[in-house]
Each structure stands twice: as structure tokens, then as C-alpha cells.
Amino acid sequence: MNKKVCDLILTKKTQLNHDNYLLELQSKEPLSAINPGQFVNVLIKDASSTFLRRPFSVHEVIYATNSIVILVKTVGEGTYKLVEAELGDKIDVVFPLGNGFSLPKKDEKILLIGGGVGIAPMMQMGRESKEARAEVHFLLGARSAKDQILIDEFKQHGSVHLTTNDGSMGVEGFVIHHPIFSKKEGFDRIYCCGPDPMMHAVAKKAKALSIDCEVSLENMMACGFGVCLCCVTKTNEGNKCVCTDGPVFNIKDLEWQI
Amino acid sequence: MNKKVCDLILTKKTQLNHDNYLLELQSKEPLSAINPGQFVNVLIKDASSTFLRRPFSVHEVIYATNSIVILVKTVGEGTYKLVEAELGDKIDVVFPLGNGFSLPKKDEKILLIGGGVGIAPMMQMGRESKEARAEVHFLLGARSAKDQILIDEFKQHGSVHLTTNDGSMGVEGFVIHHPIFSKKEGFDRIYCCGPDPMMHAVAKKAKALSIDCEVSLENMMACGFGVCLCCVTKTNEGNKCVCTDGPVFNIKDLEWQI
Amino acid sequence: MADLKVKIHKLELKNPVMTASGTFGNGVEFDDFINVSDLGGILLKGTTLHHREGNDYPRMAETPSGMLNAVGLQNKGVDYFCESIYPNVRKYNTNVVVNVNGSTIEEYIALTERINELDDIDAIELNISCPNVKEGGMAFGTSCPMAEQVTKEVRKVYNKTMIVKLSPNVTNIAEIDKAVEFQGADSVSLVNTFLGMAIDAESRKPLLSTITGGLSGPAIKPIALRMVWQVAQAIKVPVIGMGGIMNATDAIEFMLAGATAVQIGTANFIDPKIAIKIVKGIEEYAQRHNIHQISDIIGELQM
Amino acid sequence: MADLKVKIHKLELKNPVMTASGTFGNGVEFDDFINVSDLGGILLKGTTLHHREGNDYPRMAETPSGMLNAVGLQNKGVDYFCESIYPNVRKYNTNVVVNVNGSTIEEYIALTERINELDDIDAIELNISCPNVKEGGMAFGTSCPMAEQVTKEVRKVYNKTMIVKLSPNVTNIAEIDKAVEFQGADSVSLVNTFLGMAIDAESRKPLLSTITGGLSGPAIKPIALRMVWQVAQAIKVPVIGMGGIMNATDAIEFMLAGATAVQIGTANFIDPKIAIKIVKGIEEYAQRHNIHQISDIIGELQM
């Protein structure tokens, strides 16, 4: 699982909706094992305002073709430039980075919560959890029906539950408002990635229900491999780097006021 | 002849040899008159090292289609990016800039000398000089045969004489070594654009032969329209801006040691 | 529509957007592109008592997100200014400010006295921060006693709005600003360019004839913003902020840091319409944030 | 093949490329990417006597051609360093330099004494220029008497190579460098980061928890280059240059300006292999220009 910096080839690009794209990046050399929840750090070329690399979660790993798929939401110059890349283009990537989620045990019932583009790491996590024979549930939150993407793909790895802020698809409200939390038979583990307020709310819920919970943070990063110390979050053991000690943390280790 | 800043559309792109391209840029609005020797200043988008615009001589004006053609030699990030533009792309241009050459009178015999990409302004100058019924001769200098471009196009406006440094096409040597200068019937005017040492050599020759001579300078520019005062050259009347008082100067006004 | 008016001492600005000295020519060069009178004010190019040829070519080098210049205050002197430039710029329905430069205190005074006679010039900007002239210039702006003295002496002969433009090439900019304020400046403007240098590795030569020159553009924005913030906290007179402003967001940032108005410099070279675009952008920002008076955001950085 | 060796006091560098403190972790983070021993030297991350948590998140903001950081010297203190880091870095066959930081002169001394005991550490870099700590840090580097004093006191307890790293946030950097040289520094390194600031116009909040932070990257290169040139002319000990070096050409420029060696900082974040690439690029430059000893170009700016 050595880190490397190299050019991957863009072999597939799929636009999912107005602002989400799947990019499939192929390595010439075989991929070593990548954990669900790890991320890659991409150099954006030819953009005048992107000086630093841009981090993206590993959405899927296709070992058969040595490919990594990332899900990119366009929010600024870097992501707009990235999704403009054409098939065959070389993309300069540092990977794999970060720790990744801890996999569930056989027969455990787990809830994978993704909010917005925070759904990205949950595809690979869902697949590997299913392969580990856990019972996988996805809870995907979005603003509106048009922002709900990849539902069929998630269904291949588990059952899918949806919320939208405006109620246009699934349950109206935020993910924590979903009735799945009030079911009697609870979850063994919750995994969550999404906007900070959402992760806080989920963590609070998990704590109240005494469910083991991991969250994947998206702190601003300069290097992505543990040398700049810019991406820290407060933990019981002091400041830790989200890029190396994370991005995945167990909420019991974080100093969140929940 | 008001200056404007606006988007022109790239309607045609022709690669002439390994490092020279013709770009045809079309204006939605009718073009007002542009003088041969004037230039345009192009914004290079999506390049990380090009902060300022890049100036290019007007190579041809096609009033019928409201188009300006520029000849671009790739030398750095800006020019490489520019020639990567695709048909239909918007190119942000400030134009027309500078003074331009003084047109010859009817029946005058003129020599238009271009060295390297300095041939750029000579096409439109040749055309308009011919239209003014002058006798037009081009003297085009390049390193080697493969760098001699657009010969047939120049032939439409006058007779063409060539030099190459390695003798692979035309006379071997620099432009001033061409026997055309030793002919008895001399030229009424010489116009020249090219590398600085070449323009100095031509100016010296013209002075020796007492021929009126205009040169087009390519000083480094920040603004291109006379406000930064960065592009100056020394003249009899002190420092003058190459972008507004030039790029074309009569050699008798310049403080060149020739 | 938001009220964009701001006030710099006696100057009423219809909006906080001015253009920076040396980057806007004498305004007239922009007539083809924009309606100059729509700006809050314009700063004319640096003027001296006598004609100056400026430095030798090359005077410019592009740098990452910026440029170096070594113009060296080329201008035709105050006589020419009064006769040939003033008649053209007085027509603008905006604040026209002359950027005043000297090699000695006497020169600053003599020049200011001449400008004082011009009815339609309501303010001067005392440039004690030019890095590109050998004598005077930056030497005044990097030493407290000198900055104080020139401000004090010029104040004696000038009753209209006096803006003092300070050098960023100092350890503690707020200290010098305080000194200058104490001597009667009605406003301070900052930053001027940072002393920098560029070398061509192939020829091993400096890229500027003067070896060093002044760095401007977005590269310096973070430092300029910090200085404006520090100065605005230290002094009471209005601060005019500049340094790498390329768009309305940048301008808003300077205002939040404490600038009452901003100046647009190098950006004018890249887009001759930029100053007007920034006025519009500020208006849109105000609308989006439900701000009725843009002056309400001055110094309103939330901490 | 050109001889790339240079000498910084007693340190023999196999090539002039070092990595800058705080941008190279403890070197081991780069083992996956490069052979660290191929570098001229590495500067470990800033160390203090006691454990420091550093500043709160957010500590970073991207800027045009650069970045601001406000790490605040997070590190586990010298005990941890000696026990857990030193054993891992002494293996490198290159010069491993510890970046020494203190809030008081006593802290600088106590820390240096500990480092002095480590056989395989042949040099310290005295950081008197960190803009991101409240006490000490930059205050030492921006005042001549303080810079002199800390240099002098640390010199008394340290006989190996002592490099002093100075603050660029000063009016006259050469003056401070001279003072430091006078007090026995064997070399000076510059520049540290420039104090800057970034604001989010939408939320009206600073982008850094500490409001201001240190600017690094290509944006500062022209200023850094000028400072290195000025300092190299003013002092006799070798200068180590840095500030925005992204490629071999940049490195050569610093050497032409007078740097004996260079440090690569922020560029490491963008390309973890960059330092080695720069070594190769310098070698190519030497070959292309028929330079047998790279040390021949130090200070060879043609004017």
C-alpha cells in the first residue's frame, strides 16, 4: 500500500446530473489494495486559480482493469477543469491516501450515510461490506430529487433509503429525520460522510443510540500525505491529521460537542 | 478606429509547420479600419503562468467576414495554450492597437523584410501596398527551409526573395546578405519586422543606402494601450511607448547605434 | 439598489472603486472602453515637479500571478500636466486625484502648491513609497521620521484632501501610518508595490534594467490585505486599500478588512473594463447580502 | 557529469537542493516517493522544547500562486524528537538539519543543547522568523537587537553548523542578516513566510483561525529572490535561498542571486518528487551550459 504519484489515464467519464461526474482513472501498473474511505489527490493542470492538488474519495476500485473511479461534484475552478478532461488524458494523482473505514464483521448490520457528494466513498465501502457478509443499508441525503444520484448502483450492494430536504424524493428532511433510526432492531455500526453539520447530527444520533460510528472528514488540505499539518482535527489525543490519521475517525475519538 | 475589448470567435486554425499557426478570429460586429502593422492583445485563459495578455501582429484583415488573422509561433505556455483553442472558442482580444506602417505612394518600390515570425505583419502590409499600386518585394529570412512559410501567399502581393541561415532555401545567410541590396535600381522604402539584431542590421543597411526605413518593435508589454509605460524605446524625443507611439518607428527617430 | 457612496475626508465617492496611480494613465486612455465618470475616483499617473525620463527598458517582467515594474515615474513634469493633461481630465464627473512625487521635501511642496491651484483637483495622493527611484521615493516611506516630516510640510501648503500612500516594504506598517496620520494626513492608501527581482537563468541577467522593481498583482494580495487590516485598526482616518484586486470579491475583502475605498491597479492592464465591472460586482454583492449602504461593511470582518 | 557539490560551513552537500522546514515532515513521509538520501540536505519540521498543539483548524488557505499557513509549530517536543524521530532520520545519508524554535532565549538554548547531543545531526537552523506563534518567533527576527542576542547565546552552546533563518517581514533584511552574521552564524537561510491574510467575502470571516498566516509559494518568489540577492551582497557566510522555488530554473535563479544552496518548500506538497527532479534539472542546466562545478554560478548574476 505504498503511496505513489503518477499519471493515470482517464478511460471513462459519465455525467450523472448537472453537477456530478464519474471519472474512471486507469493505472498502467497493477493497483495495490485500496481501503474503502481512502482518497486520491489530483493535480489540476491549466487552471489559473488552483495552486494545490484537489482531494477526492475513492468511489470504486476496479482491480480487474487497475482503475479507480472518483465522483466529482463541480463547485469551483478545480473541479470544473477536472471534469473537462477528455478520454485518454493523463491525470496526475497521488494515491492511495488516508486510512479508510474499518470493515464490518460478518452478519453485522451497518448503515452507510452519505450526504451530497459525501456519498462518494460509500459505494466501495458498500461493496466490500457486502463481500464481508454484513447487512448493508444506505441512507442517502440530498437537497432534491435531481440531486439523488447512483441509486441503482447503490442497490447492488444493499438496501437504499433516501431523504431530500424538499421531500421531492424519499423522506422529507435531513438524514437524521429518516424513520430508519427509530426501528427497533438497531444497527451495529454507522458510517457517515457529508457536510459537517450533517456528520455532527449523525454522530449525536449514533451516540444517543450507542452505535459505533465512523465519520469521514473533508478538512482543507495542502499536501494530503501528512507533512504540512494543515488539515488537523481535534481528537482525544490532540490534533491529528485528517489526511493520514483520517479522513475516517471514530466519533468517540473526536472532540465534537455532541 | 476605437479600441475595444471583446470576444472574437476562432473560425479557422491552420498549422503551417512544427511551430507556426494561423488563427482566424471573427468579430460579431463589423470591423473598423485596421492599419497594417497594428496588433491585437490576447488573453490566454487556463494557463497557470500567463498573467498578462499576449500581443500579436495583425497578419491579415478580412473585412468581408469581419475577421482578423494572426500568425502565432509557439514559444512558451501562452502561445502553446492559444493554438490549442478549438474552432468556435471565444478569444478575448483588445484591438486594434498601435500605429501601423505608413503606406507607400503609388509606383514606389518597397521592400518588406520579415525575419522569423516577424513576417506576420507583412502580409497585410503587402496587400495594402499593392492595392496602393506600389511595387512590392518581400525579403523573408528564416533559419532553415522548414521555417520558410506562407511563400505562395506572399507571392500574391509581390515578388518574394528568401534567405536561410543554413542555405537550405534561397540565399544563404541573413537577410542583409541578400544580393537584392546591391541592385542598381534601389528601393524607395524598407519596412522590417524581426528579431532585434536583424532589425538593427537592416536599419544600418538602410541608413547606408539612404533609404527611408520603418521597423516594427516587439518590446515586452504589460498593457498594450499606453497606460503602464513599460514598453518604451528611446527616441529623439525621449522614451516613447512601443504600444501606442509604435510598434512601428522610422529608424531616423530611434536612438539606435547604427 | 444599494447605496454605494463612501466618503474619504471631503471627497464624496459615488462608489468605493478608484483606479491606482500608474495603472490608469491619465484616464483618457480608457475612454474607448468605459465611462470613466462612473468610477468613484481615478488616480492619475505619478507626477513630479520636473520632467522625468524614467528608467531604461526593460521595465517589466511577468511573475507568478503578478508582474514587476521599474517604470521609474516617467512623466513630463507639472507644467505639462497643468497645460496638457489637466484640461482633459477635469471634464470627468468623478474625483480626479494627482499622485505627487518628489526627491526632496522641497520638491513635494513645490509640486503640491502647483496642484493646489487647479480648481477641479480635489485631492492629492502623496506617494512616499515608490520603489523605483533612486533618490527619495521609498526612502520617505520606510522611515518614520521622514514620512512624518514630508507629510507635515506638505500639509502646511495643502488644504484639500491629502491622501498619503505608504510603502509595504517595512517591518511595521501600522507604526508609520500612525506617524503620518498624526501629521495631518486625511487618508492613507496602501499598498504600493513590493520590492522584487527577476532573473533570466539562461542569460544569467536580471530581467529589469534596474535589477529590482515593484511587484504588483494578485500575488501580493494576501500581504496587502493583512496590512490594510492592521492599518485600519491602528488609525482613525479612512484607509484606501489596494494590492492585487482583480474582481469584486477581492474588493469586498479589502473593505471587510477596513478599507473605505479600493484602488484597482494591475488588473486594468488585463481588462480595461475591470474597474467598472468591479463596481457592478459590488452592487450585486450588496443586493445578494441585503446591504443597503455599502459603507456598512467597512471593517466588518467577523471574528 | 557536473560536480554539484556545495559547502555550507562544515556541511558538505552532494548537491545544493535541501528541503524547507515544515514542508518535508520528518523526511520519512517521502520514503514512498523518493530516495531522501539523494538530496543535499533535509530540514526537519520545526521543533520546540516542549510539546505544542499548534493553532486551531483552519490552518490553510490557497491564494493566487501560493498558500497561507498557520500551523503554529505543532510538534511533540524535543524528548519525543530524540526518542522517536531521530532514530528514523539518522539513517539518511544526507545532512539532516533540525529547525530550532523557542519563545524565550532560554528555550532556544535548552533545545539546542539537547540537539547538540545527537551525533548524526550536524547542523541546526535557528528559526527566528515564524510568523505563526504569539510569543517569540518572528519578534526575534524583526528586531536587530533580539536577533543578535539569540544568535549570540545559542552560538555559545553549539559548535556545529548554525544556520539562522530570518524573517522577510522587515524593512531592511540585510541589516539584520549582518547583525546575525556578526554574532557567529555560520550561514543564513531566507526567506521564511510573509505575513498575510485571507477573508471569505461571503461569510465575512477570516479563512484562518489565527486571522493572519504565512504566505509561501511562487507568489513570493520575486521578493524572496531580491532579499537573497541583497543579503548575499551584504554578508560573507553562505546564504541558503528559498521562497517559491518550483523547478530547477527557479533554483538556478536563487544561486545566481547569491545562494549557495536552496530549500524547496511548498512545492513538496504539490509534487512529492519535486526536490529530486530539481536536482536532476540543475544537473541538466549545468551540462547545457558547460558548467563543471555548480558552485561556479553562485552569485554570478551578470549586470
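Residue numbering begins at 1 within each chain, and the chains themselves are lettered A, B, C and D in the order written.
The rule is short, and it goes like this: a contact is a pair of C-beta atoms (placed from the backbone, for glycine too) under 8 Å apart; a residue touches a chain by one contact, two chains touch by 3 or more.
What you see is a predicted model, and the numbers here were worked out from it, not measured in a lab.
Asker: Compute the shortest path length in steps from chain A to chain C over the network of touching chains.
Answerer: Tracing touching chains, the least step count from chain A to chain C comes to 2.
Asker: Taking contact as defined at the start, I'd like the list of chains shared as neighbours by chain A and chain D.
Answerer: none
Asker: In whole angstrom, how far does the Cα centroid of chain C sit from the Cα centroid of chain D?
Answerer: Computed from C-alpha means, the inter-chain centre distance equals 34 Å.
Asker: I'd like the Å distance between the centres of chain A and chain B, where a centre is the mean of that chain's Cα atoms.
Answerer: One centre to the other, that is 55 Å.
Asker: Find the geometric centre of each of chain B and chain C from their Cα atoms only, then give the gap between the two centres in Å, rounded to an integer.
Answerer: Going by mean C-alpha positions, chain B sits 36 Å from chain C.
Asker: Nearest whole angstrom, what separates the Cα centre of chain B from the Cα centre of chain D?
Answerer: Here chain B and chain D have centroids separated by 47 Å.
Asker: Counting only residues that touch at least two other chains, what does the list for chain C look like?
Answerer: In chain C, 61, 63-66, 217-218 touch at least two other chains.
Asker: Give the residues of chain A that touch two or more other chains, as numbers and ranges in rising order.
Answerer: 48
Asker: Draw the chains as dots and join the ones that touch; what shape do you get: line, ring, star, complete or other?
Answerer: Here the contact pattern is a ring, one closed loop where every chain has two partners.
Asker: For this entry, which pairs of chains touch?
Answerer: A-B, A-D, B-C, C-D
Asker: What residues on chain D touch chain A, complex-wise?
Answerer: It comes out as residues 22-25, 29-30, 32-33, 45, 53-54, 56-67, 69, 71, 74, 217-218, 266, 268-273.
Asker: Which stretch or stretches of chain D touch chain C in the complex?
Answerer: So the residues of chain D in touch with chain C come to 61, 63-66, 68, 142, 169-172, 194-199, 201, 203-206, 211-212, 215, 217-223, 225-226, 229, 244, 249, 252-253, 256-257, 285, 297, 300-303.
Asker: Which residues of chain A touch chain D in their complex?
Answerer: 2-5, 43, 49-53, 94, 219-234, 238-239
Asker: Give every residue of chain B touching chain A within the complex, in rising order.
Answerer: Residues of chain B touching chain A: 45-48, 81.
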